[in-house]
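Given below, in the form of structure tokens, are the structures.
What follows is chain A paired twice: with chain B in the first complex and chain C in the second.
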Partner chain A sequence: MNVVFYLLAALTIAGGLAAMLLKHLIHAALAVTVAFAGLALLFLQLDAQFAGFAQILVYIGAVAILIVFAILLTHGAELPRGGVFSGTWFVGLAIAAGVFAVLGWAVLQSVHALPQQTAAPAVTVHDIGNALVGSYVLPLEIVALLLTAATIGAVIVAMHEKAGQK
Partner chain B sequence: MTALTSPLTGYLLVAALLFAIGLAGALVRRNAIMVLIGIELMLNAANLNFIAFWRYGPHPEALTGMMFAIFSIAVAAAEAAVGLGLVIAIYRHTNTTELDKINRMKG
Partner chain C sequence: MSATSFFSRLDQIFVLLRNWLVGFLPPTMRPAAGVVLAVMAIVCVFPGLFALTTVFERKGLGRMQNRLGPNRVGPFGFFQPVADGIKSLTKEDIVPISADGLVHFLAPLVLVVTVFMGFAVLPMGRNMVLVDMDAGVLFFFAMGAATEISVFMAGWSSRNKYSLLGAMRAIAQMISYEVVLLLSTVSVVMIAGSLSLPKIIDAQNQYSWGLPHWYIFTPWGLGAFIMYAIAATAETNRSPFDLPEGESELVAGYHTEYSGFKFALFFLGEYLAMFSISGMGTTLFLGGWSAPLAALNWIPSWIWFFGKVMMSIFVFIWMRGTLPRLRQDQLMNFAWKFVLPFTLLNLLVTALWRFLGEGWQRWVLCTLILAAAYVLMGRAGLYRKHIGPRSYRYAE
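Let's look at the complex of A and B:
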């Protein structure tokens, strides 16, 4: 547990908290981008270079941009009149606090059962590529199909219904 | 005191806190886009768990946790695309993204 971990953890948690608390949707989108960046740096800190850079590419490069587009297309930049939190916010907060309490309790109870490998894993991107087209080739193909279907589906769902029929 | 000397515990606690924050956001916010952002945070917290267990687990060369995290990132990207597309379609239909006001099943 070094200083870098504490700094990155604080950055990530602060980004997530700010995203959920800020009133303006654009500010929340920027805050969640900070949280994504903190997570990518945590991945790098965990010697998972490929996952870290994939996180930067996919989340900061694509998902954050997609969220900003959705906010702008739905006039989400205007503040709603009734406040940003639902009327029963305390129920949601209680459920989330309960979930965190259970998870934290479980983690702290199992400290001694957790694995403790200290040596950094010697895994290169070459190994990951070999595994992806080797033993993980079927999941890779399924994900390719899923991404294609999701892209086409998203375009069809969000398409204008006017021209011609309906 | 052992809890703070074990690095894996720290990562797991950070992931649990991030998951709780995302869950609170998804349950509490009124805007559909914010609910989707909360879900993304929860997925990311799960990814952090996968990577942390891969790093400190006994067989990192098997790449199981790493692969799970990579596929999870891909599925989360697909989910974000479809989810935000649905939000835009609903906005076009009802002129709002506030979940309290989307209360009709009939178009």
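Let's look at the complex of A and C:
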């Protein structure tokens, strides 16, 4: 725990809070991007190069763009009349707190489950690649299949509307 | 001092210069000072190269279009970039009244910073890389992907329909061609077995019969290089893929509402992106800083790197002077129906090449597959277009 960690954590949390509290949807989307960047930097601070760069490539390069495109294409950028908070915000808060509690509990339990390690393990990108196409090849293929199915599904949904217009 | 040691010192002149300068500091500060010096070198050299390239481009385009180009400022117009720089510094910075001030201000900064970050992993000569990262290729493309958000910020915050349309076009184009860019890089990573750029160069820096082992001289490498070049042209919004700033349709695309120095920053970002993506292509396919013949190895490595990058820039300018702009639907069809399938096939051919082992069989087989696929896809594409004799209603 050092100064860099606290700075990055503050940046991430500020980004997340701004995403929640800002009135304008596009501003909120850009604030989420800041939070994503903070998370990527936290990964890098932990020497997890692959996770950090994948976070930037996927979340800032694709997910953030997807969010702003979705906002622009659905005309949702105007401020809703009843304010940005939905009426059932406390339910969302309860679910978020529950998920956070379960995750926190799992992380704290893993300290006992794993043997104490004195030195940080040095994992290179090479090892991650070998693991992905070696022992984890079946989950990788299943994820690939799922994503392909999702893409085809999205295309079919989009095509159906176009055919109906004619 | 013998000739060989003189040339090997000339090869390392920048490294030696940095070590000499850092030597004046106490030992605890030396690593940090070395990094600062290297960053300063990158931040000075590439904008300088940008200034040179603008005058080179304008004079080259002028020659292609049978005119003189800039010829008033200094000898042969070579001080034109100085005049342009002073002009953009002294011009009024106009921000539209309905623009989103903060986002409008941040967009050019985000663009230039992310583009500069990409240079951190490019090896510009023997031992001349700022950070030898284990995942250098990934870092480079992660930074490239982050520029998209700055394009969106610029287009959206200007509150101008041309800006927004230009930004939407630019992002759609960048996302489509980024897939190809990454997939064509994967071929090289598969053969080199590493995501680190210095290791990729080491794999290519070998010679048999005096000829280099560059990846462009293999069937899969040539295919991947051509796809990479197409995708790189589209990523940097250069002609014939310059629809996002097509001046006849969109004024100037996403930077319509920028003036003065902010506009200059966008201009700088665009050219720096060209340099960095050319540097990446050089590193991946053209052997980086290695010499094209074993006999030419005495010439300093950084001359080869910058020479290859400037050659690529010349090709960019040449294409701009030659090819007409595509239409948006042609652009998308080209990306998803020709370039992407061909790149995927090239990936399979690369795997085949990897597992066939040494020998002449793999050369014949891989060349045949790629050539057949290219011809068949071209024929199929033309067949569907029903191209025949044209008839002009009013001209006959």
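Simple rule for what comes next: the second predicted complex is superposed on the first by the 127 of 166 C-alpha atoms of A that agree within 3 Å, B and C clash if a C-alpha of one lies under 4 Å from a C-alpha of the other, contacts with A are read in each partner's own complex, and residues count from 1 in each chain.
We adopt the following convention: a residue touches a chain if its C-beta (ideal position, glycine included) is under 8 Å from a C-beta of that chain, and two chains touch if they have at least 3 such contacts.
Keep in mind it's a predicted model, so treat the numbers as computed, not measured.
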Chain B or chain C, by number of chain A residues touched: B
Which of chain B and chain C A:G61 touches, first, second, both or neither: second
Chain B versus chain C as contact partner of A:V111, first or second or both or neither: first
First (chain B), second (chain C), both or neither touched by A:A150: first
Chain B versus chain C as contact partner of A:H126, first or second or both or neither: second
Touching partner for A:V32 - first (chain B), second (chain C), both, neither: first
Interface residues of chain A shared between complexes with chain B and chain C: 50, 54, 62, 69
Touching residues on chain A, where the partner in the complex is chain C: 26-27, 30, 33, 49-50, 53-54, 56-57, 60-62, 64-65, 68-69, 72, 124-126
Interface residues, chain B side, partner chain A - complex: 2-14, 16-25, 27-31, 33-34, 36-38, 40-41, 44, 47-48, 51-58, 60-61, 63, 66-67, 69-71, 73-82, 84-89, 91-92, 97-100
Complex contact set, residues of chain C against chain A: 103, 133-135, 138-139, 141-146, 148-149, 152-153, 156, 164, 168, 171, 175, 178, 194-195
Touching residues (chain side chain A, partner chain B) in the complex: 1, 5, 9, 12-13, 16-17, 19-20, 25, 28-29, 32, 35-36, 39, 42-43, 46-48, 50-51, 54-55, 58-59, 62-63, 66-67, 69-71, 73-76, 80, 82-87, 89, 91-93, 95-97, 99-100, 103-104, 107-108, 111-112, 114-117, 120-123, 127-128, 131-132, 136, 139, 143, 146-147, 149-151, 153-155, 157-158, 160-161
